[in-house]
Each structure stands twice: as structure tokens, then as C-alpha cells.
Amino acid sequence: MKIGVFICHCGENISRTVDCPRVAETCEKIPGVEFSIDYKYMCSDPGQKLIKDAVEIHKLDAIVVGSCSPNMHERTFRSAAVAAGINPFLVEIANLREHCSWVHEDVESATQKAIELVRMAVEKVKRDKPLSKIKVPVTKRVLVIGGGIAGIQAALDVANAGYDVVLVEKEPSIGGHMSQLSETFPTLDCSQCILTPRMVEVNQHPRIKLLTYSEVEKIEGFIGNFKATIRKKARHINEDICSGCGQCVSKCPIKKKAFSSFEEGLAYRPAVYIPFPQAVPNIPVIDESVCTYYRNGKCGMCVKACDRQAIDFDQKDTMMVADVGAVIVATGYKLYSIGKQPLGSKYKGYGEYGYGKYKDVIDGLQFERIASASGPTSGEIKRPSDGKEPKKIVFIQCVGSRDPAKGISYCSKICCMYTAKQAMLFRHKVHDGEAYVFYMDIRAGGKMYEEFVRRAIEEDHVNYIRGRVSRIYEENGKYIVKGEDTIAGVPVNIDADMVVLASAMIPHDNAPGLAQKVGIPYDKYGFYNESHPKLKPVESTTAGVFLAGACNAPRDIPESVAMASAAASKAIILFSSDSLEREPVVARVNEDLCAGCFYCRKVCPFGAVEVRDIKDMNGVVYKEVAYINQGVCQGCGTCTATCLSKSIELAGFNNEEIFAEIAAL
Amino acid sequence: MADAGLTYGYFPGCSQKGSAREYEMSLLKVAGKLGIDLKEIDDWSCCGATSAHATNHRLANALAMRNMLLAEQQGLETLVAPCAACFNRLITTKAECRNHPESKKDVEELLSASVSNTTSILNVIDLFDKASNGLIGSGRVRDMKGLKAACYYGCLLVRPPELIDTDDSEQPDSMERIVKATGADVVEWNYRTECCGAAHSISRRDIVVDLSKRIIDDALMHGANVIIVACPMCHTNLDMRQRVMRRMYPSHKEIPVLYLTELIGLSLGFTESELGIDLHYIRFNMPNEIMNQTAQA
Amino acid sequence: MDELRRFARELLLKKEVAAVIGYEQVGEARTRPVVITDPDECRRLVLNEYCLNNLVVYLNRARIKALARSKEGIRKLAVVAKPCDIRSIVALIQENQIRRENLMILSMNCHGVVRDFGCEFNGDNLAAKCISCNTQSSTYADKSFGEVREIPKFTGKLEYDLSEIEQLPPSKRMEFFREQFDKCIKCYACRAVCPLCYCQRCITDKTIPRWIESSSHSRGNFAWNIVRALHLSGRCTGCGECERACPMDIPLSLLNRKMAMKSKELFGYESGKSTDNPTLVGSYDQKDSDELFM
Amino acid sequence: MDNKEKHIENGWEPKIVAFVCNWCTYAGADLAGTSRLKYPANMKIIRVMCSGAVDPVFILKAFERGADGVLVSGCHPNDCHYNAGNFHARRRWDLFHALLDFAGIEKERLQFSWISASEGKKFADVVTKITNDIKMIGPFKGYQEMNRQFTTEFPEQEKEKLVQQCTEAEAVNG
Amino acid sequence: MKNSFRNGFHVLQPGFGPAAPAKTASDEVYPNAAHSYIAKEVAAKTFQDVNLCYQCGKCSAGCPVRDYMADSPNKVVRFVQLGLEQAALNSTTPWLCAGCLTCSTRCPNDFNLAKFMDAVREISIEKGVKTKEKEISSFHEAFLRQVRLFGRSYEAGLVADYKLNTLRLLQDVDSAPGMILKGKLSVLPHKVKDRKTIKNIFGKTTHKKKRNG
């Protein structure tokens, strides 16, 4: 085998600390090296031409490039090799820049290391085998996880492009948090008025299969070929028969046992309930934990009320499998739990604010419900404790957010805006009311956002006080809010009738669990990581899995919608061809040597290992061996290291190649 | 009755030998009854108190560490510091020396000795809540029903949160648990962790009287008939300063202030003079129900 | 013993099993493995303190496997196994090497075996693995024979004490093991008797690339013995056959025992306990110790 | 004079091999470069796809080839590009490390770390640490003694000559 | 007022707040406040960077003695952040701080403000800045004198010492007899045996005051 070695100076980036000519000279002496040269910019056009010419003149079979990290220019040099007629997998990169010249100062030792790095690459390339790319088919269907506004938007975009969508929502209805909101900033249009048409469209779209009250159990496979297992939880209502008349709901004798999570705990709901009037699908669900039937086998009022016999107490959870080519994760957020938390909790609550202890200290979503025309107070601002109209409300921003001491250092981004909106709504509804907002900074970056906040201050006379509140306590039915105006430098104590805490957006508790099922990384809070913060904001690091909305970071509605459309278009791009090309770095089993212990199968994270029977002359199975599905294998190589008889090899990183690298040390 | 053999080191603190004499009396009585052996550190010295850390943090570290060093040398693994301020000085110094080797080195040089810094420190609540869980209930001879106690933690018993892993710093409930075990009722009130002015007791009496008055008024407003404290400074400010309040505010309503140990002591059957309750400025009158109980017993 | 013979004979007569693998007596204090296919030969079977071999190793031998693929359609083999040997069966089932339904396990209620053939069975000569045995009988077997008797108290002395070696400083330990491994002549008897060394081609026989240097010098010997212990860690059931088979008297089970202890300590895993357990290698727990990792 | 100085005075520089995963640690090492962090030049990296793909025999081979220390590094738990490769690796290393420890190989010789793609600083710190650790305990005498059985038969010049001959032979044979 | 543009940065002109004496504050303007003496000194004493404080004011909002302070606690932090040494050292706020840790407990960015106040107070002693809160400083001095002498605080001695130094002879004169009667104010001090160590500690830690004012 004739090997060419090409050492790049990278301008002066490498040659400043590595004596490139000497490296090239020394490496020429390595057995097998036919040709060796150094050049100022190997990745430039003349540099690539130099490689091509050398291949032609010296009849090279393989090349080693000593340059920057393979993550930078491996692709460049591989295409140069292809242009010169060499298999792209007979190219090895010695990382002389990031791993050598940039991190060392002494020329002698850096040069020595560079030589050794090149020698390792030469030894590896000697054992490299030509490989060709693997083609895998694409299933043109998308799984959207989460039916909030982001999931709805993504599902509609993909479906309207002509592809099938499976939309999975864990609650009984789609709509997400947006359906709970009263009015939206900065336009103050009614949230449900703009959302419900979309929800209905999802339900009626022929290409969207809507699975509510369902959760993703696991996802196997890889880009273009995922297999999602979905658990459809038992509603105890036959969805095919139910007409959504609501008779069962009104007859249910359980009135005051369960709080409505849609109403954020401000109202009760029966055991059989539809979360909210505009729910999609408009089908009730029975809550086993409070239903009398499940507790003592009696009652059955709902059965009597239903003239279509849609109640099915025996309904069980069902599992279904969906083959999809791409996944859009749009699982959204929850609010920071502001009350006192148990000792040792990840996030420490605000004992000083008394949320949970005082009924009229509420969080942002609770206020949305109170202000919403469809809410428990029909849109009239009333205190949860006694139903009286509060005349003085204090809004506190940054509760949970920008508070590393409580566990979260990020800015929750939307609270400045929604607090301004809520204060404004209060002033519109209670004309003689006074609203105070304690803030640290007002972050109103966005179209018409700053103007909106100014309007709250200038037109609606909301009192903005710069300072964080230290403590809230109850005295004679009033809530004493102890603050400080840090601009005037004076203490401010307000006796409020109600306090609204603008609590931070945090990921759902089970966000890490879902991430592990889907196979995507997440940050320390549980927000899902994008592949690149600037250039790949909607891709996860797992190919074929895209992110939309607040599962990635705190986002408001327009941003979530934009992100959802972006994620949808990424999926649609993926579906534009019928098959995908994949790197041929996959594992193969030597069936003759395989002892059939199937440790490989146990360790494979992708379920790529299948069982293959080896039969004798009589057709009797005498041995079972492992077989690796080339389409499913992602090439991690965990099986190769686990295999006791060393019967599995990972193409591109086989044991012989690695041994050669070690031997070259 | 109690598991014998619970032995702890005991760091009294200066007040215990003077203005808070009754705190020590009651603590030792109660501990003895519950089978907890408190071994006073031999030749302990002042922890430095506020004055040291307020003006000279190296001095503060050295004074506090000297006592922990003595405990180490005398084989006492756990120290009970009944005074909340002493407790705070000890845990703060311990943490600083743990987190900052340079501080530890400095302290060791000042003391001319090496310190392993492993002594664990308990306050009075820890002692009764954690170290001898359930002992009070079983040994109770008097039901303190009829007392409506306002548990006053003050500032240093449950702070700083990073060094207190036994209770919440904002809504603590460990003292309430102990008080309930004596049979007394607890009231929900607002000033449980507000400061009484502490070290300004002498130098800025005006502040202390203001702050303490607010605390007392809030306790009264929420229906308390006794305030329970676990710190000699809190006691001084809340008990002794009521005399000044009476002079300044003629409408001032008095409320007795008991040490936590005194309350436990009463429920364990000790008399008021055994516990030193008669040394308080504001007289504590036992509610009739409890008196009757005692008569029957 | 008679019961075993009768039972084995029945099995063969009824054509329930293709063969019975058991022990036969040879001389006063010695047995050897025997594979019986003729019902009448069952009288050769014995059960006693000299049944040292772990017969499970034969279940994976190609020729014996072939017996159970005969045209008559009998898929079952019967094997005589001490309760401790049954742990090897469990391990093999976990590793997909044999199927329970193709196996008839004839167990004995064991009260210990001798350390080697030719010794008198008493406390002095008790096999090392029997010293702290807690599986005198097995519920996993199809049928057990004999009665449970007490194992004699060990009164002999072990040549090497694991805890003593653990106490040595690292350099001394390395010296000790090098000395021991240097005795190795690469006869692979340890591999041949091990029921869990069933690979078609052992890692040490692979030449491209050469995983383990096969000539017997220090470096190859060290690598071989380390890799052998590694491949058995979390799998070895402690039957001790390797050490008994070693002609150079290398204390091989020291490494195996240490790894078994570590598996238990780190992961709470004991090999050959139950077929329901996931294997140690091939499974993981997110809560596995992260101590090693910077 | 402490050990470290003694070893260095002899002009000895440790030889360290790192097996790192492609996705996290290799990228972390790249970041150390892009951030121009400095660390000793003793370590050479061998890239594998996942820390789960590192065979323990690789490490023995590295020692056989004269390595004084070995580092294995991959993605943090739960961050594995392949979901679980590093979990399997962790178990494997827990066992292997215990085995080598028992066989008398110093703990410092074989070290493990989790270094993510964003931890360039950590990579530099880890390399520095392991290099210092190895400098402290000195050359891997135990293994070198075993190696000597081979190398003594081939003095350095002889070896070079042999390589020369092989090269020539190869050139002739094509 | 001089509005200077040094190094292209607009340099802050302090002079706000009643307690920052205009004369001293406007004289000391640090183009790079993080390198100012006071910020560095505070950081060294407290092991925390003063820029941890992001001026939310939660400390001042919860401070029990806030009402008696001219400068809010966060303002003193701001002085140090800006390097306004005189303003920080002349403020009475650090002296009024009772060390109750309410601020430190609630600080969202884990800035230990009580520790910060200790440091500022200590620096002002080191620098010989005399505080207007003379009673408080005298009390601390009197207290430590007792500890230095006896190893423990000797309350009767302390009160006498304090009164002599502050000339507040009549305060609490009514309490003392009661206390003595109740045995709460012992007439003789409890002494520590090993007073050598105590003396040694004091000797090595006492600030070398520049008594020139």
C-alpha cells in the first residue's frame, strides 16, 4: 500500500509550534509512506489539488492529512480523495492543530508529538478498508409529542405539506397552557379565540392522527426509521361512541373531591370530566382516583346518564406502535413550584412568600384563570379566599427565575410581559384598583413589547417599583408585602389584597425521562438541548429529532409557533427524498465465530442486534448467532468491546486499526 | 426510660453563666431527666459573639475554633451549643475552615495547633428533635395544654440555610414539633424568624425595644400567651426589655417568655423554681388546667 | 445412589433424554465423568464426595450437543450437577447457551467434596469452595438425590489468603501475580474445564489482530490471566475447576473470587443466582458508582 | 527531592494514551485547542466512536507498548450520543479497574473521566492532572520489566536496521 | 461636576444619597471599580466577589433595622462595587447591621451580605475611620476587652466598661440591681485557665490602628 502524508501549516496556526517540514520529512521514512509533503493551507483549493496530483503521480492508495480537527475538514479531504479516485474511508486525519500546536508551547515536544500523531494515523490507514455509504429508506410520517400551541403548529404544517402526522398529547385535550390564558400580549386578543380554530383543524385534518390522553413509552430506531410505542391511557369512555353531550359530567355525584388542573386548582371538577368546554376531542375522561365506582364498585350514575352506552369501566390502557421518520418534541413547560419545598429539594421554594399557606398569594397561571372569561370567576377579578374583589394587587416578578439561590439562574423571559399584561387587565377590570409590580429589570425585547409595558405604566398607571420583595405575611386580612424601592432607596411596605407571583417556566418533572426515551440530551434543568445554539436551533443532537417551543427554553407564543414551523420544515426537508445516506460506520458479526451469548444484544442501545439461526444438515438449529441490522446500527461499537470472543468488528474503527494505532505509540 | 449513654459535649457560652442562668439550669435538668449526658468542655472560652465577627473576623474564627479544638482534644465528637448565637458562630467558623483552607491555616497558626474540624454542632432544637427523638413524649408527666405558644426562632437558629439541613429557613417547624410534644398548642404568627435586634441590646436599646415590641405585639395579636425562645439574647430582649416597653407604651400588654428547655422541663414535671422560671422579669403564671393537673399528680 | 441410577435409567428408557452425563467411580478415591446413552449403563453412576468435576462444562461440547440433535427428535440431556454446579447452568441459560427446557438437572444434596482425588474426606481435605458453602441443595433442579448432611468444619490451611494479598502494597501484589503467572505454560486447561469458556474461538487464539501474545513469557502470561479473569468477572460461579485443573498450581481462583466480591460490592450482583436477573455485563444502572470518573 | 523531580531529572517523560469518544471528549479536546489552553504534550489521543467501544485489552496493549498511563474518557452519564454506551462502559471500567488494582497496577495508571464537548478547560485540567500523577509515580516499571524480555533481544540500533530492511524489502516487493 | 470620558468609558459621577458625603464621594472615582482597594479587600475577607450582587434590593426589603439606616444595605454594596471607599466606610449602615442573616438567607444570588457588612466594618476599623454609631463600636470594644482579659464575657464588667466609655451612666441602671439579685449579673468574672492562648490570639489578630484622627 502506498500512502501519502500531507502536513498542513494552517497558515501559522500549526507551523508556529510544530516544525511542519521536519514532520513531513520524518514521516516519509515510515514504512509504507510513499510521499510526504507540507504545505501552507492544505484545505485550500491549491492544497487539495496538491493532494490530487500527488495521488496521481505517486499512485497513492491512501492518504493521511496532518491538519486541524477531523470535525473541521475531514469532509473536505475525503471529497478531495474521492476526486482523486481514492475511497473516502482510506483517509485519516492527524489532529495537529487542536490537539497539538494550539495546546503546546514547546516546539520540540510539539513536533515530536505531531510526528507520533501522524505515525498513528499512518498505521491506522494501512489497515483501513474501503467502505461505501449505506442507504436507508425513510418513513414519511412525523411523530409530534405534545399538543400545545407548538405541537399543534408543527402538526398542521407537516400535515399541510402532505405528510402523515401522529400527534400525542398526555392530557385529555390538546391546547396546552395557551388554552388556559386569558388574553395575550401585546395585542390583548383572547387566547382561546385564536387557538380553538387551530385545535379543531387538528382534529379534522385527514392526515393527522390525534392521540390524546396518551404518552410515549419508548422510541427505537434512527432517523427515517423510528418505531414509537405509545400508551393510550384508559379514558373509560368509548371514544367512538361518545358524542360529547356532557350528560355524564353533569350527573356525576362527585363534586368537591378533585381540583381541576385546567383551572390551576381554583375550582373543582367531577370524577368524569371534560377539562374545559372547548376541549378537543370533546370527550370526557373518568378519574379513577376519585370515582366512586372504582372505590366501592357502586354508583354508575354516568352509565345511567349516557344514552349511547359509551361508559366503559373495564377499559384498559392500550399500546400502539407507530412507524415514523422524524420526531418533533414539543412538550412545553410547567411553572416553578413556589411554595415551601421539602428539605433537600432540587429547587428551593419561597417560604418567605407563603405561597400555599395564603390563599390569595397565587401564581401567574392562576391569575390567568381568574382573569379569563371562561375561568372560575367568569373573568371577574376575585380573591380565591373570600371571593371579594381585590383593590390592591401586588405583582412580583422573577419568582423562581434569576435566583440561583433557589436553583434557577436563567431569566424566564416571558414574565415581564405577562405581568404587565395581567396588571393591565386588572386595571381594566377593577377601575378603582391599584396595581404594583415589583421588578428587577423589565425585559421587553420584542415587537411592540416595550410599547406595551410603557402603556401599562403611562396609560393604565400600574406602579412599577424596582426591587425584590423580601417577605409576605398576612395581617388582618391584608397581605403585607415588604419591599424596597431601590431607586429611591426607601423601604416600601404594601398592604395588598392579593399577590401574584410571576413564577418561572421550568421543564416538566418527567422531561429527563422522556429525553431518555427519545434519546436526546438535556441541560441541568431538564430543557432539551439544541444541536447548535445558533445554526441548528431546532435540531436536537439526535438526527431526525427536532424541538419546538418551551421544552427547549422559556419561550412565548410567537416564538414557539415560529420554532414549530421551523421544526416542521426540517422534517419536511428530510422527507424530500426517498432514502437517506448514512455513514458506513456500523458493526458486523463474524457468524462463524459468534458463540451466541448475545451480550451484544443486551448492550446495544438501538436494538440493532437480531438473532439468526444456524441449522445443521437435518434442518435442526444447532446454533444461534447475532446479526446486526445495518440500518439500525448507529456505530457506537459498544458491542465490539463487550463481545467476549471478539467476533464483532466496527467498520472504520476495527480492532486491527486501533491495535495498529496503539502499536504506533 | 431513655436510652442511656447519649453523651454530648456541652458548650455553655458566657450568658449561660450569667444573664441566662436559668437557661442552663433548665437545660441540665431536662437533659439529665432524658438521659442525655452533657459534658461541659473543660476551660471553654467565649465564642467571640457578635462583637468579634463584627469587627475582626480572624479573631472571631480563632475564638470559636478554640472551643471546637478543645472538644476534639477532649474526645467530644458532638457539641451542643444552646445559645443560638454561639451555635451560629461555631457552624460558621467550621464551614469557613472547611471551605477555605487558607482560613483554616490561619486559625491553626493562631491557635498553634492543628484542627481536624470534624466536630458536629447541635443547637437545642437539634438536640431534642433529632438526637433524642420521641423522648419527651414518653417522659411527659404534665400536659401543657392551655398554653398557646408562639415559637420564636429568631435569626440565628435556622440560618444560614446552606449550613442548616434540619429545617426550612423561612417556614421552620422543628420547634413547633417539640412544643406540641409537651402538649402545648402553637399559634401561627408572622414574626417567627424576625430579628429582635440582638447585639444592639445595650448599645442601641431604642432599636431593640422597637423590634422586640413588634414581635411581642404580633405574638399577642395571634393569640399567644407565651413566647418560646431558644437563645439567651432573644430572651433578654423579649423578657427584660418589656419593662422599658411598659414605660414607653402604657398600653403594653405583657407576655411571659420561656426558654424551650423550661417548657420541656415543666412538662417533665420540674417545678418552676427548679427551672429558674422565677428569675424572669415577666412572671409566668401556669394556666389553671396545668395547675390542677399538678395537684392531682 | 440407587435412586439416581433407577431414575436415570427410566429417563433413558422412556427416551426422555438423549444422554445422561454423570460421574463413575474409578478406584478408591476418584471419579470421572461419564456420558451414558445406554439405559443399562446407568449402574455406573455414582454420587459421593469425590464428584469433583463440574459436568456442566460438557453441555456445551459440540459432540454432546450433537447427541441431542439426533434424528429421533430427543432434544433433552440429563446432567448430574452439584448444587453449586447448577449456578453454572443458570449462568449458561442467562447467556443463551442452553435452554432449561432441553435440560434435566439431577442434583445431589451435597455435604462438600474433597479438595483433590485421593484424599480422605475430612475437615483437612475439604475443597476451598465448600468452606463457606450456602447452597447444599438446589430448588432449581428437576430432582435431588441423597440427604442433606452437615459439611465438615474446615481444619486445613489454604495456601493463599485473599485478604492477605489484598493487604500487600501494589508493587508487591504485582510481583506476586507475576511470579504466579510466570508459571503458566499456556496449556489452557483452565479454559477447557471452565463451563463459561464456551467461545468458538477464544480471544487468545485470534491472530488478526493478535489480542494476547500466546507464547509463554511474562507479558503474554500476564495478559492472558488478566483477560481470563476479566472475561469471567460477573460470570464466574466459583466452581474452582480452573485452579484444580491447572498443572502449574497457579492460584487462579484468587482473581475470580476477588472479582466476584467486587461485583457484589459494587453492583450487588451474584452470578448464577437466578435466570431472571439481568447479567452483570450487558446491563447497567444509572446509579452505578461514578467514583472512578473525574 | 520528591519523586516527581527525581523522575524528571532523569530526562524521563511519561507516555500517556487516551481513548476518547468522538462526540464529547474528542470535541472537548478540540475546544481546549480552540480556546488555546495549554497542557503537557505527553498524551496522545486515540479516537473511538463511544467510550463503550473501548476494549479493556486496548489498555493492556497500551501498557505493553510502553504506556505509563492510560485515560479513558467519554460523555457524561445521560449525555451519551448513543444513550447508554457510557453506562456500559462505566460498569466495565469499575470491574476492570478493580481487577488491575488487585493485580497490583497503581490506580493512577488507569484513569477515567467524563468530559463533555463544552468542557475544554476540564480536558486540559484532566490531561495536566494525569500527567502530573504519572510523573509522580514514575515509569511503569512493572510492565517494562515484562516488556524487557522482548526489547533486550533487540537493541535500538538493531531494531532500526531491521525496520530499514523491512522497508527496503517492501519497496522491492511492491 | 466633571463629566469625563476616560478610556472611552463614561465614568460614573457619584453623589447620590444623603449618606454619601458629596465631598469624599465625588473625589474618588475609579475607572475600573473591580480593582479598587475596597472591593479587593472585601473579596479577600469574605471569599466572594462583590459583583455577585445584582442590586435587586431584597436584602434591604427584609432588613429588620432598615428603618434606622440612612443608606440601604444594597446601596453600601453599590458603593463598594463602584469603588467608593469613603462612602462605604463612612456609612453607618454596616454598624447598624445586627448580623441576623435575613439578607444572606434570602439573597437570590447567594451573596452573603452579613459577611460583607462584617468586612466593611472591619476595614473601617483597620483604616481608623470613626463611625458615628459610637455606642455600637464602643460596645464591641468593651465586649472584646472583657474577653481578652478573662477569656469569657464578664457582663458586669462589660456594662461598667461600656458606660464609662460612652458616658451613658444612667441607662439600664434600673435593671442591674434586679439582675444582681436574681444572680444573673455575677459580681466576679468567670476566668478561663488558659488565658495565654486567648492573649496570644488577641495579640496576633488585633488591628494595627492608625490613630491619627
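Read from first to last, the chains carry the letters A, B, C, D and E; within each, the first residue is number 1.
What we mean here is this: contacts are C-beta pairs under 8 Å (C-beta built on N, C-alpha and C of every residue); 3 or more make two chains touch, one makes a residue touch a chain.
All of these numbers come straight from a predicted model, not from anything done at the bench.
Asker: Under the document's definition of touching, what chains do subunit A and subunit E have as common neighbours?
Answerer: B
Asker: In this assembly, which chains make contact with subunit B and also with subunit E?
Answerer: In this structure, the chains that contact subunit E and also subunit B are A.
Asker: Would you mind checking which chain's C-alpha centre is most distant from the centre of subunit B?
Answerer: C
Asker: Can you identify which chains form the pair with the largest number of contacting C-beta pairs?
Answerer: B-E
Asker: When you take the mean of every protein CA atom shown, which chain's own CA mean is nearest to it?
Answerer: Chain nearest the overall C-alpha centroid, as shown: A.
Asker: How many Å are there between the centre of subunit B and the centre of subunit D, using C-alpha atoms for each centre?
Answerer: It comes to 58 Å between the two C-alpha centres.
Asker: How big is the gap, in whole Å, between where the Cα atoms of subunit A centre and where those of subunit B centre?
Answerer: 50
Asker: Quick one: subunit B and subunit C, Cα centre-to-centre, how many Å?
Answerer: 65
Asker: For subunit A, write out the residues touching at least two other chains, lowest number first.
Answerer: 352, 603, 642, 646, 655, 659
Asker: Identify all positions of subunit D at which a residue touches two or more other chains, and write them in rising order.
Answerer: 56, 78, 84, 88, 92
Asker: Specify, in ascending order, the residues of subunit E that touch 2 or more different other chains.
Answerer: Expected reply: 67, 102, 110.
Asker: Judged by the touch rule stated earlier, which pairs of chains are there in contact?
Answerer: A-B, A-C, A-D, A-E, B-E, C-D
Asker: Residues of subunit B touching subunit A in their complex?
Answerer: It comes out as residues 161, 165-171, 190, 221.
Asker: Under the touch definition given earlier, write down the residues of subunit D that touch subunit A in their complex.
Answerer: For this pair, the touching residues of subunit D are 13, 15, 17, 26-27, 29-34, 36-41, 44-50, 52-56, 58, 61-62, 65-67, 78-85, 88-89, 92, 124, 163, 166-167, 170.
Asker: For subunit C, which residues count as touching subunit A in their complex?
Answerer: The contact residues of subunit C facing subunit A are 65-66, 69, 71, 95-97, 198-203, 206, 208-211, 231, 278-279, 281-283.
Asker: State the interface residues of subunit E toward subunit A in the complex, per the touch definition above.
Answerer: 17, 54-63, 66-67, 71-72, 74-75, 102, 106-110
Asker: Which part of subunit A faces subunit C closely enough to touch in the complex?
Answerer: These residues of subunit A touch subunit C: 592-599, 602-603, 616, 618, 620, 622, 624, 642, 644-647, 655-656, 659-660.
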